[in-house]
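In what follows, structures are represented as structure tokens.
What follows is chain A paired twice: with chain B in the first complex and chain C in the second.
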Partner chain A sequence: MYGGVHHRGTNRTRPIYTQATNATKGAGSHMLTDKGKISETQLAFMVFPAILATAILSVPGITMHYAGHDMWMTPILGSLVGLAAIGISIGLDRMYPGKTLIQSSVSIVGRIPGKLFGLIYIAFLPHLTGLIIREYGEFIVNNALPSTPLFVVMGTMVVVCAINVRLGIEVVGRTSQVFVTLLIVLLALIFILLIGELNPAELFPFMEKGPIPLFTGATAPAAWFSEYIVLAFLLPYVNQKKRTTRVMMGSLVLTTTAMTVTNLFCLFLIGDLTDTFVFPVMIAARYITIADFLQHIESLIIAVWIFGIFVKISVFLYIFATSTAEWFGLKDYKPVVVPLSFLCMVFAYWVVSGGSGISSLVSASANLYTISILLILPAMIYGVAWLKKGWAHVRKNRASTD
Partner chain B sequence: MRICRVLLLPILSCVLLSGCWDRIEINDLAIVLATGIDYEEGKVQLTSQIFVPRKAGGGDSSGSGGSPSGVTMIRTAEGRTIAEALNRLQRKVPRNMFWGHCEVIIISEQAGKRGIREYIDFFLRYPQFREHAYVFSSEKAAKDILALLDPLERSSAESLREMANLKLGTRVTALELAKSIEGPSSSAILSRMLVLPPEPDQDKLTTTPYVKGLSLYNKDRYVKTVKEPMSVGVLLLAKELNNIIMPVEFKPLEGSFSIRLIEIKTALKPRIVNQHWSMKVDIQTNGEVVLNTTDANLTDPAVLTKLEQEWSAKLTSLAYDAIDLSQKELRSDFFKFAVEFRRYYPKQWKKQEKNWETLYPELDVEVKVDAHVVRTGKSTGPQGIPNEDET
Partner chain C sequence: MDTSVISQQELPLTGYLAVDQEMLRSVFAGCSDIVFHTFQTACLTSALCVYCVGLCDTERLERQVLTPLQETGIEAAQVPLASVKHVETTTQAVQAILEGEALLLLDGSKVGTAYPLYQAANRSTEEPLAESTVRGARDGFTESLTMNMSLLRKRIKTPALKIHTRNMGERTNTSVSLIYMEGIIDPKLVKEVEVRLDDLKLRDVLESQYIEEGIVDQRYSPFPQMIATERPDVVASNLLEGRFAILVDGTPFTLIAPVTIFSMLQSPEDYYQNVFMSVFVRWLRYIFYVLSMLLPSAYVAITTFHQEMIPTVLLLSIARAREEIPFPALVEALIMEIAFEALREAGVRLPKQVGSAVSIVGALIIGQAATSAGIVSAPMIIIVAITGIASFMIPRYAASIATRLLRFPMMFLAGTLGLTGVMLGVILVVIHLSSLRSFGTPYLSPVAPTMAKELKDVWWRPSPRNKPH
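Entry: the complex of A and B
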């Protein structure tokens, strides 16, 4: 059924064999492990919840804690990191078209260092995916199903996501298209329903403690924006790359706006207390009371949010599965999906030790950890790629002058 | 092989379907409509008003006939902390208590004297409580108010909620109460509820709770009750004044005018000049004359101007009284001046934050009222004056 007869696009990706400069041994590692193709718009739809689904839960509280009443600006600052991640992804894709980060790193820094680099990701991705799954589980158990075992909540979601991932990138892309549309509409609905309760005067005091807390606070949204690096893994699957930069910029603007609006609503509604709640957005949703009957709609919010987290977990599981398959030089990623999903499930228990829950994990140091792997490492690879390109250019010039 | 697969499917489904862990039937729930907190002899008393579905459902009213509504009942339990009381309360109710519909919280002044921090934490932490629940204060025990069976509404919780929506006193939700107490002003103003004495031939529970006065909280403790006319001034400065008819009289006219408030805007304008802190309160208001017992004709611009001046003067003096009470007598910032200073002068505020308690009573406050009578009702001239020109 899937990976059908239409546009496989293999002809378009073929030139890579001639363009890649060296380290082209081991032909298996250059093939993509999934034959499916997605459009640029679908990619944008996949990335939006991949960043926002967990960000809207945690970012308002963390940023309020550090940046105080200026927290609404932190996503705008943080989006610079997103810009960098998009730049690196698109740049790498232009230099090494048709290769994901795991494959291009081997071409850039050589086989052994490249494989080591890939190994870092293979070790990091279950950690991140496990964290996302755990956050999902904690949220549902806290707010909707208090006596359901965590294992069941997380397990059912992982099973569904694993099926989604096994069906290929095309299915992941389409489910995101459907679900994200719903997500945006309903998220906008909560915000519209809350307008009456807001107090815009909470914008002030402006820069109460100077500009430093603003930057400290911005590390949290920055960590989420660094997840834009998923593009480096997904761009090779895009069938037509005419407007990639424009579409991705649009996606970045949309994500930043959504995050800023979420922060503003929490600030205007809950004010100084924003950082005292585990999930401030949930408090905001519970606060909706219109005309004495439109209330208790938080379960609707949870239902919609599950769509978002479904796309997010799927995207990260997909990247984890394809990266692993690419690293081991497999031809197809499908056999590894189920075992790796199970691994992520196990990680969901390992990432949180003790009973303090997820809130302690999503702290400042955790953000730096995420940023360093999702942004700084790819940036280094990209830097090396540039140096190599420059060096090759210089050598060519020298050869021609000699 | 195919049969195996077909069989496997329902078997696997059973694994998932077996546990609907959180399934609680609606008739296993005791829906709490309102909560009351009292404090007596060192113990917290938690009272819940529980909805009785059987009585609400049937249209047959030929039963006891004693209580016209009678769809609620109350249960009370006590404990050293509110959580302990909650635990004991559940033992007195055969169904699983559900607090998600609790729209009203009443804290008695007795409980307020001991501090309400514990209760606020509980309301914002216990998962089922709604942050939008309205909080009231009561003079006597909160459980007496919850026990009432309002003849007009389904329950006394409903009548309390309607009263909050009418904005007869302050309309404070649990979240707003927490914000107010944890904010820089660390104070709160709650509406004070009393029990209306029932009609002589009625059951003593068949009556309505009603709003009378305000309970003032400094830090998290109840400090004072204010009644009219002081409460009008307090509401005026707290930006909560609504729904009021005020008599205004002035010489040389006999009788008085009564003015109904249409619209009121209170703006707080903090100012710091040369280390001197002052607050300017700007009140703009529109009103409508609903009663004129004087002989004066309101079409006369001179009378109207005079009336507006007198009304302004009356509002101004009410506001100054309230400020005196807050600054001199109670020395606590009920009107959230601190919030305004923090907003407009964050740097100076940061320096003086710790001294606010000593700074506030010395603060210069200037009140400026701009009152307008924009309507005079259906009539222009005075009505109902017996014809005196005959002689």
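Entry: the complex of A and C
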């Protein structure tokens, strides 16, 4: 038999010419810790479940609690936050092309404040990722596997996501494309099957208590929309930025629509009871019967939702890993993926101490916490960047007039 | 045979017949199929003809070479035969003889002549056994490289069809041809394949799998990264789509790459029949490809963890069937799947006459007796049967291997974590597929990454007029 020695050098995982295409990328991007590239469409596919996967479960209940029958409008209000987050991300990417938020902040506010700024994110991201993992675990344990230990449920998912993240952004992009396509098709199918059960009269009373509850209610979707700031970490990996703004606006519209439709369906189906359930969408799915034969397809919802949450955890784990690697100035992010996944797993236990469940953490105050880190901090950095640019411009003008 | 003896013979022919003859005799010592025939030509020169009995057409050798030389007095170069080669070194001489040419050495000449009188034990083209179609060409590749090349040339009559032949395998010296369409294929791809073939050092090449394993991107994957086919029309259509093919002498199985998972699920017949039928069959294949991997695990997961998903009436009948079964669904599924795989393997290996006995045993024992004995339930048998049919539906045999193998870990995941486990398994498979490349082409393209133009060949069957390339 022929021996393994003869195979030396023949098992290249990537042929020469794919590396050649990578070499043509922008000048500044050699600092990135991953050499892969994704397309704008793939980015949109990654962001969609990164926001919607958990929102679709929690947002209807929370917004119902605060905004009552007007809760369906809250995602529309909240999407303004998403618009701001997209604007900041794209603006920063234009000013500092090829740099993620962790890297550009150092250039904007100087080395030490910039690093401190990055540290906030490195401390916050495991918190957020752990929260998502915990939400996944609780959802599965409550709805599908009541006697399986939480650790097994969360652990298997984290292992799968870590494998995905270690394989690089190209693989994360492709897996998102596959799963998000499935997700959209199946969700649309579920919504179509539910149309017959709807009761649009639940829309009323309209603005019963004035617009104030609407704004309080909108903080929840706003917190989710602030997650659009992931773009600031992922835009440097996009290979051709021709229609970035348009694609991202499309993504925002799609996310807002999906969230509004989910809210509307929960309202029309369950009405006032929406906020008594932790996961109203699961209750809504129970209404589906096809020809009196197919019933209880909420397992299908769980299945679809696992795809979404997988993409979401992968995206945040990826951002966490690359941000940490960038912060420490590593050349490659891959070695840190496994320890950081483990850290997120630990955080999944730390974020919620009692047995009361995850719902307490996704409350209004928690939402403010998320918004302040995901939106206000980057907005401040972006503001400083603008001031610096303006100041440089003024100085230049003064120099030329003198 | 000691390879070192041959490789050291880089010596030129001396021109002294006795010396050269001694040299060749020492190389071929102990090879009774090599014939040394000494004679005198009409011009009274001593001559030696060396050939291999099984490979060389002795009758033609006598009629076209030996008789004219001995009787009419023409010179060696004047023998009326096409593509006569000149041989100057012993290595070339040995090579020529082993390839079935007749080598003629004349006393006093430092250049020998090799006559292409190749005639190997060949079968004629037959319908490919492993890939049959209702409509379409009936000829299949054979074990002869030259015949296979001619089958391709017959289909694509253009000089743009390039064929580069090389010898691979230190000991077997097998001819391996790289074939592609110039102007359609990406030139960088050709270069890449050539580099990979150059890098590949093999001692033996007996089948194309030897080559495939050495040049694919990821050797440790259940998914094939090259198509192996014995149909010349499949190779031709793939060449015209910008892929390359590797023909290996001695096997009818030709390798094609780069491939994607979708090309694995497409049959050449898709283009030979009505559009709607092809589209229907394509989707049927996609669905059953997924089913062949997931159906047993989905059954295990649903009956073990999610009984509420089953409609009440069906649930009752399944429960009735499973009532007296001593095993949990996972064990039941494992028993049946392993039995099925064993039956299938036995059916493939056994001679045709005995093969039918296996199917009778399989149908009787597994189908009837196992259910009535209360070892497995009837629904399980249905599941295994559908899974079996699903894996037979896949037009590329190699592609079905992946689902056959992955079925088992999927069942374990289903048995431990229910549908959640199955979903995790699916995610792992998709992660693997996303990271897989076949000669630089992402395995899941054109879906991920999306290539809008090629996408139509996935969900529809484009008309041959608008076929990409």
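We take it that the second predicted complex is superposed on the first by the 372 of 402 C-alpha atoms of A that agree within 3 Å, B and C clash if a C-alpha of one lies under 4 Å from a C-alpha of the other, contacts with A are read in each partner's own complex, and residues count from 1 in each chain.
Going forward, a residue touches a chain if its C-beta (ideal position, glycine included) is under 8 Å from a C-beta of that chain, and two chains touch if they have at least 3 such contacts.
It should be emphasised that the depicted structure is a prediction, and the values quoted were computed from it without experimental measurement.
Chemist: Is A:T175 touching the first partner chain B, the second partner chain C, both, or neither of them?
Modeler: A:T175 contacts chain C only, not chain B.
Chemist: With the two structures laid over each other on chain A, which partner does A:T216 touch: chain B (first), chain C (second), both, or neither?
Modeler: A:T216 sits against neither chain B nor chain C.
Chemist: A:T156 contacts which: chain B (first), chain C (second), both, neither?
Modeler: Both chain B and chain C are touched by A:T156.
Chemist: Report for A:L145: first if it touches chain B alone, second if chain C alone, otherwise both or neither.
Modeler: Both chain B and chain C are touched by A:L145.
Chemist: Touching A:I302, do we find chain B (first), chain C (second), both, or neither?
Modeler: Once the two structures are laid over each other on A, A:I302 reaches chain C alone.
Chemist: Determine, for the superposed model, which of the two partners chain B and chain C contacts more residues of chain A.
Modeler: Looking at chain B versus chain C, the one contacting more residues of chain A is C.
Chemist: Where does A:T245 make contact in the superposed view: on chain B (first), on chain C (second), on both, or on neither?
Modeler: Neither partner.
Chemist: Could you list which residues of chain A make contact with chain B in one structure and with chain C in the other?
Modeler: Correct list for chain A: 145, 148, 152, 156, 295-296.
Chemist: Could you list, by residue number, the parts of chain B that touch chain A in their complex?
Modeler: Against chain A, chain B makes touches at 16, 19, 21-22, 100, 124, 127, 130-132, 161, 165, 173, 175, 178-179, 182-183, 342-344, 346, 349-350.
Chemist: Which chain A residues qualify as touching chain C in the complex?
Modeler: 2, 6-18, 20, 39, 41-42, 140, 144-145, 148, 152-153, 156-157, 160, 163-164, 167-168, 170-171, 173-175, 177-179, 181, 293-297, 299, 302-303, 306-307, 310
Chemist: Can you name the residues of chain C that touch chain A in the complex?
Modeler: 186, 188-189, 191-192, 195-196, 199-204, 210, 214-219, 302, 305-306, 308-309, 311, 417-424, 427-428, 430-431, 434-435, 437, 439-440, 442, 444, 447-450
Chemist: Which residues, counting only chain A, touch chain B once they are in their complex?
Modeler: Residues of chain A touching chain B: 142-143, 145-149, 152, 156, 201, 204-209, 270-273, 276-277, 283, 286-287, 289, 292, 295-296.
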